[in-house]
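The following blocks contain the structures, represented as structure tokens.
After this come two complexes, each holding chain A, first together with chain B and then together with chain C.
Moving on to the complex of A and B:
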């Protein structure tokens, strides 16, 4: 009897503690939900706000017209340059990172060379893009005496994006089941034949998704291009094919018009450019998913 | 005939391996050249212009026209902005990482993950533009800051920009923990929140460290979004809303006008080299952390 009272008290306080910790759990769960939801709301708010700011600027004249020092300039050549540098960059980045990724994933045995390549890729991936831009300046502008060129910009962007695409390649190849490789080799194929005819088609969907997502990032990159591709479009030939000419992209135009602020309608051009950049990013993201899923289905019959 | 074909495909095989190996080797070449070139160019301040290293690091006397290159203001700016960003974005990102790994129903994850991927995709100039048109006017009217430009604006923009990195890496860190940890904790009667804070957080600490460090690396290297909202004043900020400058913003602003071979250009390359060294140290810490876990 004597011990019943403290025991009961302990039970009561346990119950209170129990209620307390369940309350804490519920509150924490609610807070984590709110944080997660706030990210989605923030993204929606950003998109809505950019549309609100920039929608009035969009016109055929703005999207295709040349930039101007006076009010009323367009962004046609800048959009062209963004795609031009994107295509050029991918033309270098895709083959190199595909090859490097295939080597590491399919051929290389664990050892010194493989770990040095991995470490180099990780280091390259951490180099700030402005520092990569200065490296491009040293090599292409100063050392090769090219001046500011689309080619120099694209090569700098290649260095910047190689590690990411190599990683995408490795992950895509790693997702291909070994049974496919064994079946191919079992039928008498060489390693290279196995890679080209069995492994790559099987990984093509994931590869494409990765490439398109990275393409979106290249489209919006700025810091690596300021001191390599330059801040101007050639006035006489804004839609030139020659890679040895300066090529201001849309993302740089957005930054440069604001930071120099020489044109009278900075806000209109800036709002419109920001919206076009956002729309392109949305397009690349959606395309990555749609095209990737379609290719996977086409080449493997699987749905994901 | 058959042996001819076989020898041909063997030759193809050898050629292919060598081409692939060369591509992999290209990455080694690239990072080596990058380090070499920036090391040579980045130390000219000290070896050619004889400006002392300690002054570069610790003096705030910055007058590159007169061969004075104390960069303490910019270094402090970089550290403060990065600290601000990771101070907000770090905990927030880890919390959302926990949410994705432990709490989110599949439906929610299906919405949240693409949203985070979109945040990664938004170009840094667009973040800068949002900061400029949304955040800076807000700070101007609602805080003591007269212009709205400054440390806080840059820190807030950066904290949003590093969120996706921190979220996805910390989600990975939690997901890689064995199921038995969760089952053990639950079987002992803990609530989900107790399991998260007392079992999962400590066990995932090395993965979370990596998430935070890579978030820091992203923040330190960001240039344009920061430059658009930081205020670009070469002074130590005397409050969190005061304008200042960082290593990246100083490079962005002055590199274009610095004559080739001038002291100013050398100092800017020294700043870039310092950024590169910081990035390399961070990646070494990541390596070390991951190895210790393994």
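Moving on to the complex of A and C:
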């Protein structure tokens, strides 16, 4: 009789197969977790080591004073130049890439012209920054007879960063649901009104995040600037406003002190510069998140 | 095919489609559809999923202009003027023929800014007049009492049903003559749905309403006229009563008796 009733299937794992599967699962979980954690550890180790090396160099004198061929030089003008070139580059890059991105995403119909612009931007994005730097050397330094200038550096950086920012614009606009465009157009709005009043405000958080992230990259860029903005700070005044003068940035100063210069306290200046540069770039990354989230909340009335 | 109707209903022809065909690339989604929509009545477009009723509705205020690859043939007359005429301005057309969409699509802005959006793009700048328009529109949409204390809160904080009524208020704020509704209650619960239906009953006093609906009960409850769509064609047009009680076409009868759909 008992054999007619099938034995209840057990809920506990048996030795046959399930134990092995569970073991594999547990091992995979641990390995994946370790890989993820190692990324955090690498960043912390890197920052900690730079702090250890460079923290002793930091002083008011170092952060604001001019560089020197003797021991005891500072990086004040270099920090200033980094921001100067950043602002100048963004002043060119943001309007052009925003306009191009809006055109491609909102106005252009699929077709030959849009494909050609897209392909050109992608090609431009793959040009190595050193090649862009040499191009800037030929055009701005030699052909225009400007010599090494902040403006030439900023224009070269514009070429380098245009495609990325255009991409950022397109992706930010693409993230705005079509239902909002339909709502606006359905009320009798023109395309321009729809873009300005609905699409851009909805995309502002992502746009800002993209701009600030690219600002961090501009801040740390070297290769495109070595041959265009030059390796020295202005001879007239360390904090000059004129764009037609050489403008060594912090990132270039770091490279220069370690490869070319003969100053006696190269390690002190180098480690301090590296630490300041790292802090600045990290600050841009954090600012990108904070400002992006705040703007999204402000323009859309909700957190995202 | 508008039939005799009670004297209280104005049967002037407000909007009419003549031989409208809609193509997506080479696919013909609507085949030679003709329909007359009387002023200050509700016309329901019914039919199984994919029959083209929404596609037809979007042809009535040139929303297909936004879809790459879509093409409309035929004529749609608003008060006797073709909205597809070369000199017809889609911006003016959509001002006069408003649209409420299937899913509530509030702008990520405050309730006030949502309703004031239309008047603002059409040039109204006076804060006082905007406030009046916003209040009137929200009252018409039976939403004012629920939101009057939080006009400056995000519209995204409203419930789905409230959002949809706000979207209707947003359309009313631009004072259209015709309101197109694309299954406006399909994403809502029964209580919110009945509020929308009551609202449509109010709106037909002043507006010409064309509504796509999936629910035959809804069409029966709210509309005077019904057009039955199947496979991109209008199979039958008539008063809602006749369509549901004495359909002339076998396909209509099969659909309303639930034999397919």
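One rule holds for everything that comes next: the second predicted complex is superposed on the first by the 270 of 304 C-alpha atoms of A that agree within 3 Å, B and C clash if a C-alpha of one lies under 4 Å from a C-alpha of the other, contacts with A are read in each partner's own complex, and residues count from 1 in each chain.
Everything below uses one rule, namely that a contact is a pair of C-beta atoms (placed from the backbone, for glycine too) under 8 Å apart; a residue touches a chain by one contact, two chains touch by 3 or more.
As the structure is a prediction and not an experimental result, all values here were calculated from the model.
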Both complexes share chain A, so when I overlay them there, do chain B and chain C fit or clash? fit
Who does A:109 touch here: chain B (first), chain C (second), both, or neither? second
Please indicate which partner A:202 is in contact with in the superposed arrangement: first for chain B, second for chain C, both, or neither. second
Which of chain B and chain C A:190 touches, first, second, both or neither: both
After the superposition on A, what does A:181 contact: first (chain B), second (chain C), both or neither? second
Which partner does A:30 reach: the first (chain B), the second (chain C), both, or neither? neither
For A:290 in the superposed arrangement: first (chain B), second (chain C), both or neither? neither
If you stack the two complexes on chain A, which partner ends up touching A:39: first (chain B), second (chain C), both, or neither? first
May I ask you to name which of chain B and chain C touches more residues of chain A? B
Would you sort A:299 into first (chain B), second (chain C), both or neither based on which partner it touches? second
What is the minimum C-alpha distance, in Å, between chain B and chain C after the two complexes are superposed on chain A? 9
Which chain A residues contact chain B in one complex and chain C in the other? 190, 193
Would you mind writing out the residues of chain B in touch with chain A in their complex? 9-10, 12-13, 16-17, 19-28, 30-34, 37-38, 41, 92, 95-96, 98-100, 103-104, 108, 111-112, 114-126, 128-130, 132-134, 160, 163, 191-194, 196, 214, 217, 220-224, 227-228, 248, 251-252, 255-256, 260, 268-269, 272, 275-276, 279-280, 282-283, 286-287
Would you pull the chain A residues touching chain B in the complex into a rising list? 21-22, 24-25, 28-29, 31-33, 35-36, 39-40, 42-43, 46, 49-50, 53, 95-100, 102-104, 107-108, 113, 116-117, 119-124, 126-132, 134-135, 137-139, 142, 159, 162-163, 166, 190-193, 213, 216-217, 219-223, 226-227, 231, 251-252, 254-255, 258-259, 270-271, 274, 277-278, 281-282, 284-285
Chain C touches which residues of chain A in the complex? 109-110, 177, 179-190, 193, 197-198, 201-202, 299-302
Interface with chain A, chain C side, in the complex: residues 61, 63, 66, 68, 91-92, 94-95, 98-99, 101, 103, 105-110, 117-118, 120-122, 153-157, 167, 170-171, 174
